[in-house]
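Structure below; questions to follow.
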Amino acid sequence: MREMTYAQAIEDALAQAMTSDERVVIFGEDVQALRMNLFARFGKHRVRQTPISESAFLGAAVAAAMAGLRPVAELIMIDFVAVAADALINHAAKIEAFSGGRWQVPMVVRAGCGGGYGDGGQHEQALWGWLAHIPGIKVVAPSTPADAGGLLTAAIADDGPVVFLEHQLLSEDWLDYLGSGGRSTVSYDIPVGGRQGEVPDRWVPIKFGEAAVRRRGSDLTMAGVGVGIHRAAEAAEVLSREGISASVLDLRSVAPLDCNTVAGDVARTGRLLVVDEDYRDFGLSGELAATLLEAGLTARYARVAVEGTIPFDPVRERAALPNIERITAAARNLMK
Amino acid sequence: MREMTYAQAIEDALAQAMTSDERVVIFGEDVQALRMNLFARFGKHRVRQTPISESAFLGAAVAAAMAGLRPVAELIMIDFVAVAADALINHAAKIEAFSGGRWQVPMVVRAGCGGGYGDGGQHEQALWGWLAHIPGIKVVAPSTPADAGGLLTAAIADDGPVVFLEHQLLSEDWLDYLGSGGRSTVSYDIPVGGRQGEVPDRWVPIKFGEAAVRRRGSDLTMAGVGVGIHRAAEAAEVLSREGISASVLDLRSVAPLDCNTVAGDVARTGRLLVVDEDYRDFGLSGELAATLLEAGLTARYARVAVEGTIPFDPVRERAALPNIERITAAARNLMK
Amino acid sequence: MKPDSVALYRKMLTCRRVEEAIAGLWYEGRISGEMHLGIGEEGINAGVLDHLGDGDAVALDHRGTAGMVLRGVDPAAIVKECMGSVDGLCCGNGGHMHLFSKQHLAASSGIVGAAGPAACGFALAAQQLRPGTVAVAFFGEGAMNQGMLMEAMNLATAWDLPVLFVCRDNGMAITTASASVTGGDLQMRARGLGVSGRSVDGADAEMVWRVAGELIDRARRGRGPAFLRATCTRPEGHFLGDPLVRMARSPLAQLKPRLGPLVAAARSAEGAPMAQRVASLGKITSMLGRAVRTELGPAHDPVRRLRKRLTITSEALVKLEHEVEGIVKDAVDKALTSETANEKESSRCGK
Amino acid sequence: MKPDSVALYRKMLTCRRVEEAIAGLWYEGRISGEMHLGIGEEGINAGVLDHLGDGDAVALDHRGTAGMVLRGVDPAAIVKECMGSVDGLCCGNGGHMHLFSKQHLAASSGIVGAAGPAACGFALAAQQLRPGTVAVAFFGEGAMNQGMLMEAMNLATAWDLPVLFVCRDNGMAITTASASVTGGDLQMRARGLGVSGRSVDGADAEMVWRVAGELIDRARRGRGPAFLRATCTRPEGHFLGDPLVRMARSPLAQLKPRLGPLVAAARSAEGAPMAQRVASLGKITSMLGRAVRTELGPAHDPVRRLRKRLTITSEALVKLEHEVEGIVKDAVDKALTSETANEKESSRCGK
């Protein structure tokens, strides 16, 4: 076991993948500076700088994957996928189906996501539920260093397109880059276990679609991904002091979604609280509701999610994101 | 009352809006040919041909709306929004929020959607649930000529961005253009009441977020939009012969969503069957499940939706879309 | 370099006949949806693709049938795919706009402009895994206004990729005269993205062959991307059943019913100033006029043009043409048999 | 045409001082997130925007603070917005990348390239509703590779829109030297999209003023879009706290901790051939070297350059500068008061 930060785990897993598989190449804007260590080690052919042309390079990633490479294309932030969504939703997601299952697209799109560092509504979106709507794309959103490395390893090994979302509040690299900018005058509410933690000596892939049970309780089930799940865990602490015992399920991948674990836990607790940093409507929280109903469960249900464009003002930003007060309030309400 | 086709109703409502408001302009690829009558009447400044540059002209629509026009920008098909999603999700949807509510974006994006005419998986998507995920966009999907004209009138009058989705199987114009191409050797399974029907003499806006109750039953509630709702109505006929009495709720707008009417009806029937031509996961069907649970309803629930990339082969295409067999089977199952 | 013109002719004729057969099946209602064919573009398709070999890749657009034939995909598999058969090239999942052959590294897309980024990706894999191989993108002049294609040209320059960007310029994007919505000049635009190139008459297959050969050769030798613009004429309009073509060809059946509403609209009480309305009607008329005039005359038909220049005996020519007919007939027969065998009668649209 | 250089200087100085004040607040932790300023670009911003009046519109990018000041937005409202105050320009909802003033028809976006389409939309409204008015787009040279911006230039040509596209060319897009990922030549690229234009030294505000004046005037008179490329130098790098600048300026604190892992990575057993690794290290070194060298020398500082050329008395100059300081101080004081008044202590990041 080693101890690493979230950002280090990602870089380490990438380096391991690049060492063991020559076909893995990474590209994106500024990668030679942002991934300086990988650039120094693997050189300019495998760590490629792109122009600010997301449509072109995401589209290129699709075809490069089809032709034998294993590209890891970096979008600085998932918000920017909007300028290049076509490559992902009309191509990467569909080509295996179009080709009658004969041609696959083993690519990874790596992007920062999530708020809490004060950058405003065009730079802090989560969008995992949005991407997961399209059949043919897998979407993962790790919440710990160990998961980050293991899921990235799995993503690179996967034969289909995977969107790998790294939370900007968990990654010290992104946070230094986008948030503090070297200032000591600012601080962020960073979940400790998300930022730093134990990781295996050698990365082994973590299977998609298997939730991690972070805590097992008897009164209600909380489920989510990313920073939200850390907030849920904190809230569970508070709630336990009030005599409310909550499970915390880290879904880890949004697509595929581990419906069984959620349904199994909710069957015990009778209550589901979804904690989601993505938009509330037509997303992860709704999908979880559907899976409950499909499983024939009757449960009390609530969701704490983002309800509108995330405001810039850090106070309202915090209020817009799932925070401990909103989560505990919703949980208490479910217990009524 | 007049009698019109779905396509005529849209053109007629557009003409009425253009006559009563000078600020309404339409643009898109081929609009001078596709909207020949409007071009002949309103001239080249208000019916503008664009290059195949969806990002530029959708982005331009956003700012044109901000600066006083009421643009109706046409994407030939909603599938193509993927090349220009940024204008919609990062701009149109967010500018009112960003500006502190001080600046609005009164634009309409008009696009064909939906399958059943054999064009394959990149040209038959519905995507209404996908678009509705983003706060700040309204999404409407009319299923009759009267709704098409009334909702378009409302969309143009609305002070925010509205995506107006016209079903390619209901619009004789699109169907002739994309499907038959003048052939008499092909035929399609077109819902009669969707293609042609009575419309008011003068268009009045239809309020968004108000479902139309197409049929009231006691055993189960079916909800959806577009062609799916016609299939549901047909299925309800069949089911009624078997002694199953179903409500059919045409939601008309996906965002805003008429949760009250759905919840109210399901409170009576105890069962919800969502019929959705959009993808199943993380979409409309999930959102409806969430609203039920949020309303504290315990209901049996099922969904008939699109589960993967729509296959080209017309036989499998039909099987992939909500069809009467799948709907009746799901309904019977819910009654078990 | 000089092409083997007989072989080139054979390829072009095969494309023509396969596409004519597909057109026939489409008119019979055995193929659903839209149908974009490359009739009239054989000189470009064959003149370019004749230079590709194993390991080379092709990114096609919505008009990719001929490209697939030329890369060596079994015509029967293509025809079956167009008909949606489970034993088609893509098991009937793709249809004519989504033809894929992994073996030939050939892919298509119904999204205008997508061939650009795709060719870059193929070329990147070529550069890293198969040095000396190249990728070719095919697209129309209308696609030159799609951002991702322009981005792709620039990316190819930035990464020095072995790509040939081939623009089939028929002057039209569906009903839009591309010149009316395209600024500047396409060659200058490409150069402004770092890609230099050549323009040729696409009806002259041998000329296309020579120029494409040079540009592809350059790319193979690591000298970066190139741009080839080739003009062409497409007699069937944008797709089979093109409404402008229909109106132009059958004015009574197709145009007349539209004239009433059109004139009524132009005469409405409210609307633009009269001069503008007249201008609109003028533009509509000239759109139709252009559709009437667009035909594959001897100078514009690459197949007939090359045929004239062949120096083989007429017996050999007859034999060759007979063989081609045979191959195509065979493909169609196979497709029809498989349609029946699979009880795919029901696969006809709307049944 | 000749600018009122004193007035121009006053505007530029105001921008400079407002942005310096914002930088101060950012370093104090009173502003969260990224902060992109236009220090070093005042000659371009003021030289262009001095020509705009009522009804003219501006589309700004992530670096829009100065543009808003120059359009006449109250600096206090801007500073407050950057601090997230409810009484900021956008009620604290937008932040510095999302500044909007409906009254001034001025909008910004944090999405690279979005200013292009936005300016087209503004110009379309100008053409239809306010003939004689224009729209201006500001963006960097890196944005020239974003598809939607290229599309927008072409659209402006197709619709003959009154737009001026202004490219602030500092040669860098975050850490990427734009020349290394940009093919062709930007003027040629613009011309290939139908937009002709001029290139100027953006540190020469009077020159920018003259050239922009001509191009804007042309657009006003219905002669279509134009492109202005103006070079500039930005001493703070991409944004405040730019890691390259930090490493370059404080090698001990910022660079040293990174060197260990960097060298270890370059020395790993497995990886690229050694020559490539050395090349990578060389490129990283030269990236840092560029950051060290980038400073606002007298020739590159548009504010100092114009100051030298002023022909007013030194008393008048002192008075002017004093006034500007006063205005800016006032704005900051208001912002700080409002921060306290709104009990916005808690609005500091992470509290």
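By written order: A, B, C and D. Residues from 1 in each chain.
Rule of thumb we're sticking to: a contact is a pair of C-beta atoms (placed from the backbone, for glycine too) under 8 Å apart; a residue touches a chain by one contact, two chains touch by 3 or more.
In this text the structure is predicted, and so the values were computed from the model without any measurement.
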Original post:
In terms of CA centroid distance, which chain is the most far removed from subunit A?
Top reply: C
Original post:
Which of the two pairs, B-D or B-C, is linked by more C-beta contacts?
Top reply: B-C
Original post:
Any idea how many Å lie between the Cα centroids of subunit A and subunit D?
Top reply: 32
Original post:
What whole-Å value do you get for the distance between subunit B and subunit D if each is reduced to the mean of its CA atoms?
Top reply: 41
**OP:** For subunit C, write out the residues touching at least two other chains, lowest number first.
**Re:** 90, 92-94, 98, 109, 111, 145-148, 151, 154, 158, 180-182
Original post:
Which residues belonging to subunit B are in contact with no fewer than two other chains?
Top reply: 45, 49-51, 53, 55-56, 79, 82-83, 86, 90, 94, 97-98, 120-122, 309, 311
**OP:** Show which residues of subunit D lie in contact with subunit C when the two form their complex.
**Re:** 145-148, 150-151, 153-154, 156-158, 180-186, 188-195
**OP:** Sort out for me which residues of subunit A touch subunit B in the complex.
**Re:** 55, 79, 82-83, 85-86, 88-90, 93-94, 97-98, 120-122, 129-130, 132-136, 255, 257, 272, 279, 281-290, 292-294, 296, 298-303, 306-309, 311
Original post:
Inside the complex, what are the residues of subunit A that reach subunit C?
Top reply: 23, 25, 45, 48-51, 53, 55-69, 71, 84, 86-87, 90-91, 94-95, 97-103
Subject >> Of subunit B, residues touching subunit C in the complex >> reply: 15, 19, 29-30, 32-34, 36-47, 49-56, 79-80, 82-83, 117-123, 176-183, 185-189, 309, 311-316
Original post:
What part of subunit D is in contact with subunit B in the complex they form?
Top reply: 57, 59, 88-94, 98, 100, 102, 105, 107, 109, 111, 114, 116-122, 124-129, 135, 147-148, 151-152, 154-155, 158-159
